[in-house]
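Below are structures written as structure tokens.
Note that chain A is present in both complexes that follow, paired respectively with chain B and with chain C.
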Partner chain A sequence: MWNIRYFLLVGLCVPTLAAIESFFEELSLRNLNDGKVASRFSFTTRLEGVSPRDPRTLGFDDEAQHYRVFPLALGQILREYGVSELHLTLNAGRWDYDRWGYPEEKGVGTGAELWAWMGDGAPMSIDNRWKGLRNALAGLFCASLGSMDELRTTAPSQAFPPEGRLPSVDLPHQLRHASLPSEHVCTENLTPFLKLLPCKSLSGIASLLNPHRLFDADWHGMGVHVLWGEEEGVEVRLAFQSVMDPLRYSLSMSRDWSFQSLFSRVINKTCPVAVSSRVTVALPQQDAIEIKPNPSIEGEAAFFDVATVAKPLNVGMHWQHNFQYPLGEPIPLTPLSVQRTLKGSSQDRGQLSLVIINHETTTVYARYLETMPWLVQFHLHTLQAQVKGITSGNIISNFTYVPAVPHSRPTTFEAMLSLPPRSTIHLTMDVTKAFLRYTEHQPDAQRGWDLPPAVITPVEPLNSRMYTAGLLVDLATPDFSMPYNVIIFTCSLMAFIFGSIFNLLTRKFVVVRLD
Partner chain B sequence: MANALGMYRTVKRLGIPDSNIILMLADDVSCNPRNKFPASVYAQPGRHLDLYGDNIEVDYRGYEVTVENFIRVLTGRMEPSVPRSKRLLTDDRSNIFVYMTGHGGNEFLKFQDNEEISAFDIADAFEQMYQKKRYNEILFMIDTCQANTMYSKLYSPNILATGSSEKGQNSYSHSSDNDIGVAVIDAFTHYILEFMEGINKTSQMSMDDLIKSWDVSKIGSNPGVRSDLFNRPLYNTRITDFFGGVAQVEVESPNSFHEEFVVCNEADSIEKESVQVNRTIPTSSPTSMFHHVWLYAKARKHLRTWAALVIIGSLVGWVGFVKR
Partner chain C sequence: MPPLRDLFFQRDAIRRSVIASYWLAIILALPLWWNTTTIYRLSLPSSRVEAIARNKLLLPISICLVTNDHSLPGKLHHHLVRSTDYWKVLDVHIFGDLDCSSLGEGVYRVAPGIGLPDLHGRTLLFPYQDEETLPALADALSSLIVPYSSLPDREHRVAQYSPRYRLAFSLLNEDASAGNVILNWDVKTAIHRHITPILRSLSMFHNFTIESQVQFYAPLAFSPQLLEDGSYGLTHENLMVFINSAEWTLSSSASNDPVLHFILFVPSADRKPLRILDADGNPSTSNSFLLPQWGGIVLHNPSNFDESNDASILQASFSAFSHQLLSLLGIPQLPSGIRDTASDSSIREWQLDALLRRRTLENAKGSQDTLKSIIKLVDQIENMPVGQDVKGDVEDALEELTKMYGSATSSLQQTFRHSALALGLASRAFFNPGMLALLYFPAEHKYAVYTPLFASAVIPLFVAALRELKAWRLQRKAAAATGVQN
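Then we have the complex of A and B:
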């Protein structure tokens, strides 16, 4: 009898046991060659032993979810739309790969970028779930993600492979990707971001996230990444990257920085639910520096365990010598340098030009992706690749192309590039600029339209991704007051003609004697 | 922009949570690289108070601020996937405060320097809200040139409307910040906010007091009030009826114990923050010596709901531009 009871008890308890949740936070800082400081906050929450919702169950009520540190608001959205993997980034500025190298968080495209992998097989179509996901995230993060409609949504096959694992192999998974380069980032996006953290910005590393300093940075961006792995379970990583310039505030070209000088805050308390909470400072190789307080040093980095060090923690770096701008061109830190421009002054047609420099001594293979709203339409037959002014036929291979459909679908163009060693490759393609309907223009039509960045994915190193700068295209804009003028003119003319004829037809002109 | 943010700060200070505020900002002046003070917006040249703060939530921004979206918010005609934060989830027990500012003229207000909302559109939207039982009372406030014309077409009951200037009058800016180089706030809004700084959640001040505080010589235009649709006298209408989320706790003396039932009104479940407590008839037998703490809503109406409040700062042009 007791045994049966025991088993019943265990049987009742097992489904209600909450998944093992763990929270890690990390701040890594590194000095850049141009005197700036790159910082990256990373907050990882893991829900172990849990897998993303099977899309086939989307028609039924979901099983109850109990979270302690996992962000509920985000968890609900992920379950509601059966999302296996999700990446959302909101960035401001252009990441300078040549000077800063690869970023620690790969998604650095200007503006908003959202991509998600979703399993098929749900009663709702993937596109409807994608729309719901966009709107839900727009509400959660106070961003205009709802505008990432079918005019901007693409499904590139190569550039955005899942970063985690996709569950259940028997279900086909599909990618949806959209970017909104004109989106800006501000405090209203950081507020919901902080609300997803278990300690908000009250304690731990997150207490350094001060909007007034972060949004003053030369480059800043935030990201939300949801992955799944068989061992790790569902993992949510919230990241904030910034590039700050201590030289801007320094009168004497001093590169010294501290938490206080970068963020105007220090760490006063530990976040009690964090399993690990640490600050990493990459040590520069050439110059003599001093780090306060005393760190533990492993290899080329200094570590601070926020839980054990004395508070308030104000990590600072003092340089022996003042900064001197390097003479001459700096050596690029990435194997490729990419520059993309839109040429031509006409509002009707132009030329898209991509210049790639391969700094390596070997041939580099890279995938090139353009996802272009229909505002700019490609003439694929004019695509040319030139090396040192000579057209070369074997640079572009393996391309896939989904042409744009005016007013509805964007272009997706993907190609494999083989870039010869130590050379500059010019890719050019003629484009037509669209002629928009009167109602399709933006409120500030004269400003032009922001175009999303192109993505270059080198085959080596694995999983690296480079974003080009965004573009601004100037489309033909009408004189917006013209319709009113036309209406007024036409109406006047109609009234005049109609009135005269009406008078002529209905009135009788007679001579009236006045006596 | 500082106009709308000032109102946002005030209603938030008076206890209305972000989930009950819909803030629409067409401009991103706070994080614009040309703003010398990143992530900050000040309404005073002295810059002692940052209106943008550390935890603002903007529900509609940039190109999303359109006349269509504004009317959809009011009337509740939305696609099913639109999130809660972008909806006005009110019912017939909700008091709504609608504040608009921007460039305007005779019976219109511009959105994004591109399209206009007319006085007729607003009047019809309010009527639709009335028919759909989406409000109990509305306070409509507008700061723009010839603002009083904007409420002239309203015809639905229980609406109190004010505007900053008469037909043919400009509405002027109040102070300019020399470091940024623009005027930062408009006079009408400035003096309202200045008055509101003296108000807290327990304030007994009425709308009449607020209206009497307006000084035409300071504001530079003639603010107007339209109360013919409103069926309460203004001296009986507290400012916190529209600007604040107020719940009062009263400790009853042990001798006058009341048998009480707290009945939550289920119709209001969409507003989780609203305080809806109903009171049943007290029985007079003092049988217990327990202190009973009970919530009651303090209005003359038997029921009070602090539900949703809308600030609509439709922002056209930059901060506190002198309107023409």
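Then we have the complex of A and C:
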């Protein structure tokens, strides 16, 4: 008790050196091969000279927290649960790697995905802190992250290495990962997201974040990333990515776009606290284009410094030629193309199939991760890899497998794949579909269950990650008006049997003479 | 072929024992059924709660009056008790002595002084000689000792007791891009200078955690009214809706501790200066206001010239914050006549003691009321489960209350500590989530499930039993008749 008080007093009395806080904002835009425009907003806040909270101090009162541009609401959650690194993404749609290439923000899995690295050694267990973190973030972002419970939480060892650094406080760090593919990102998630920005959506680049247009985009997603680096300190990056289609609004197959046409807004004011605030437009290679207003060009990109250019700023790109849909198959932009399906029409078993095409002329090594809720259980002995119809034994290696526990733990399956050059690899595995208890069904039971995407991590290039599309599994679902009928039927049957036996036992048999 | 009546299973005795054994099985099964379907409800110590709730805490106060006139203490007592009703909760004991030097801890000393009244530790220096000055002394003493303020307005400001508070300091700029704003503040130094001394002297009451943030866009939900001189005014109604909780993210959900907010609001450059209007619509001299039990707000209108003088701005606003903090935490004000010798406006022992008494009385009443409510609630809602943790908390709270009453005469600090623990335990029991478990499983639901089975099974049993009874009676009557005939 006295220790704690002493601790508190020390915390209150000694004004520590103020952390240096800085805020950077950036919008990058690039044209995609299919005529769409990918935009990525990135808002970075750095808290230099600060390290994540040592989990061993979690039992004590926290020291006073003073923030200027760093979001207080998020900072408190991070400190409350002693989180070293955190990634939360909420996406809608399927990222088309073949047409769009790698995204600038890696986390593009459909639905919600949350993973965090936490140091051990706190009085609370990691799982309790993970639960608290989930619930706190759910409250902060108005998303149902609370349902990322132990049914969906895994700890894969390879696929999600820390993107920053982990503070070396002689404590082992642990990862917790969960995804919720049925979660949909919408305005109610964007509003709290905007409130975490120092300039909200009132000035600077963030003023382009118009929910009406963003949620109308072909693909959109937001992310919150918290990292730590020894020099950078704690860094929070709030990101919003979208893929918009100017052709959809255009009458004349014109790919022209501008802030006004994409977001229905322009930048009127500078965010006064941003250290840097710039717009980057990637220039297309072949086509003749014109960018307004006049940018500064560096290499293959055009830059605008929002603080200095004339306002209102309405960056626009005009193409000399109209868009023509490319004939034939587009050339894939990523070395791998991945397709995952769940085959089989019955409600109790099926087959998981993964088709990977290696477009490279060399062998590509990639890690394959499945984090499957226990709803679908793997038969690992049926796992087969085929190249050109021939079963090949040396494609899958180094796998780790944590089998599912019904009603509680999900499966984690992680394997290294060596994909031969210019070939199509078929991986198949038989699965059992679970039979759920009556209370385990979700409210919209007939729709089926969304399964999280698989993650393919190519060893080269470093730090790339590919998400497959999610799956929908159709489990045996009862007619939910049945339980009462079943009760009635069973009761009638019971009463009938009981009545018959009772009758037999107590009936008086009398001989009636008919004469 | 033997007559059917002679078959062994057709005998009356067998049939009757079959029916009887059915009934026996049902009757034996009833307790089991009852046991498995009842809600787990431990009995709460309601009589002890009622007994302890009837008690009223009476805090003893001893005052030693330096005098050689033996009638003076009695007269002072008379004056004191007459001055306010709040003396009912205090057990005042006044005695006179020549110098009051060798006294135990916690005894207040009143000594004759010169000039303005003054406080030294637990000693009050007051210019009194005879009965003429006694009413003035009684007034000064009662405002120093009585834990409640006589102004109801001031009473409503005080935040409810909690062992932990979070203090959230926010610098809100209405519109940072309009210019003439404060983008940075040296909040640590200001807190260290103005707030930390208060927190340190209150450390026996509460633990505090501090946080601060700056917001650059904090729009108001209404437009202030334009005054004749070009400034903008906030009417009384505006002040009540001043906090725009939809747009300002002031507190987070990281913990459940109550938060006291302190807001330095910088109006937008095109709505400047922003002033508070009094009841007549004239600009008031004050630029700060307090929202009862919520926090305090200071308006700051930066002028175009002295932008650099950050420190003086913070100096002024944080001294306002510190006053607001004091009144939110219920620290009584010193009576107006008392000389303020200490320059740092630190909290006096008299004030701390009065606050201790106030919080002790509040906590005692609060925990007794909460315990009574739990008993009443559990009595009223028969479906409510009561687990071991609720029962344990209630019993521990009772234990603490008993200890509190036990220590009331000896140590004020001990009494306070027990009262705070009792309140914490009582409210934890009251808000136990386990008590909500079966609230939504209505009895109708149960009957709907049971009747299809039991009604159809029990009716043949009843009919068989009745028929058998009737047959048995007839038999007896017939036997009696034949007996009479014979």
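To be clear about the criterion, the second predicted complex is superposed on the first by the 471 of 515 C-alpha atoms of A that agree within 3 Å, B and C clash if a C-alpha of one lies under 4 Å from a C-alpha of the other, contacts with A are read in each partner's own complex, and residues count from 1 in each chain.
We adopt the following convention: contacts are C-beta pairs under 8 Å (C-beta built on N, C-alpha and C of every residue); 3 or more make two chains touch, one makes a residue touch a chain.
Computed from a predicted structure; not experimentally measured.
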item	value
Touching partner for A:Asp444 - first (chain B), second (chain C), both, neither	first
First, second, both or neither for A:Ile456, with chain B first and chain C second	neither
Partner chain in contact with A:Val243 - chain B first, chain C second, else both or neither	neither
Touched partner set for A:Val37, first chain B, second chain C, both or neither	neither
Contacts of A:Gly139 with chain B and chain C, given as first, second, both or neither	both
Chain B versus chain C as contact partner of A:Cys186, first or second or both or neither	first
More chain A residues in contact - chain B or chain C	C
Which of chain B and chain C A:Cys491 touches, first, second, both or neither	second
Chain B and chain C footprints on chain A, overlapping residues	136, 139-140
Chain B - residues contacting chain A, complex	26, 28, 30-32, 37-40, 50, 52-59, 61-64, 79, 81-86, 111-115
Chain C - residues contacting chain A, complex	3-4, 7, 10, 15, 18-19, 22, 175-177, 181, 183-184, 186-189, 191-192, 196, 199-200, 203, 207-217, 249, 252-255, 448-449, 452-453, 456-457, 460-461, 464, 468
Contact footprint of chain B on chain A as seen in their complex	92, 131-132, 135-136, 138-140, 142-144, 146-147, 182-188, 191-192, 194, 201, 210-216, 442-444, 480
Contact set on chain A toward chain C in their complex	5, 8-9, 12-13, 15-16, 18, 61-62, 64-69, 72-74, 76-77, 79-80, 136, 139-140, 195-196, 198-200, 202-203, 269-273, 484, 487-488, 490-492, 494-495, 498-499, 502-503, 505-506, 508-511
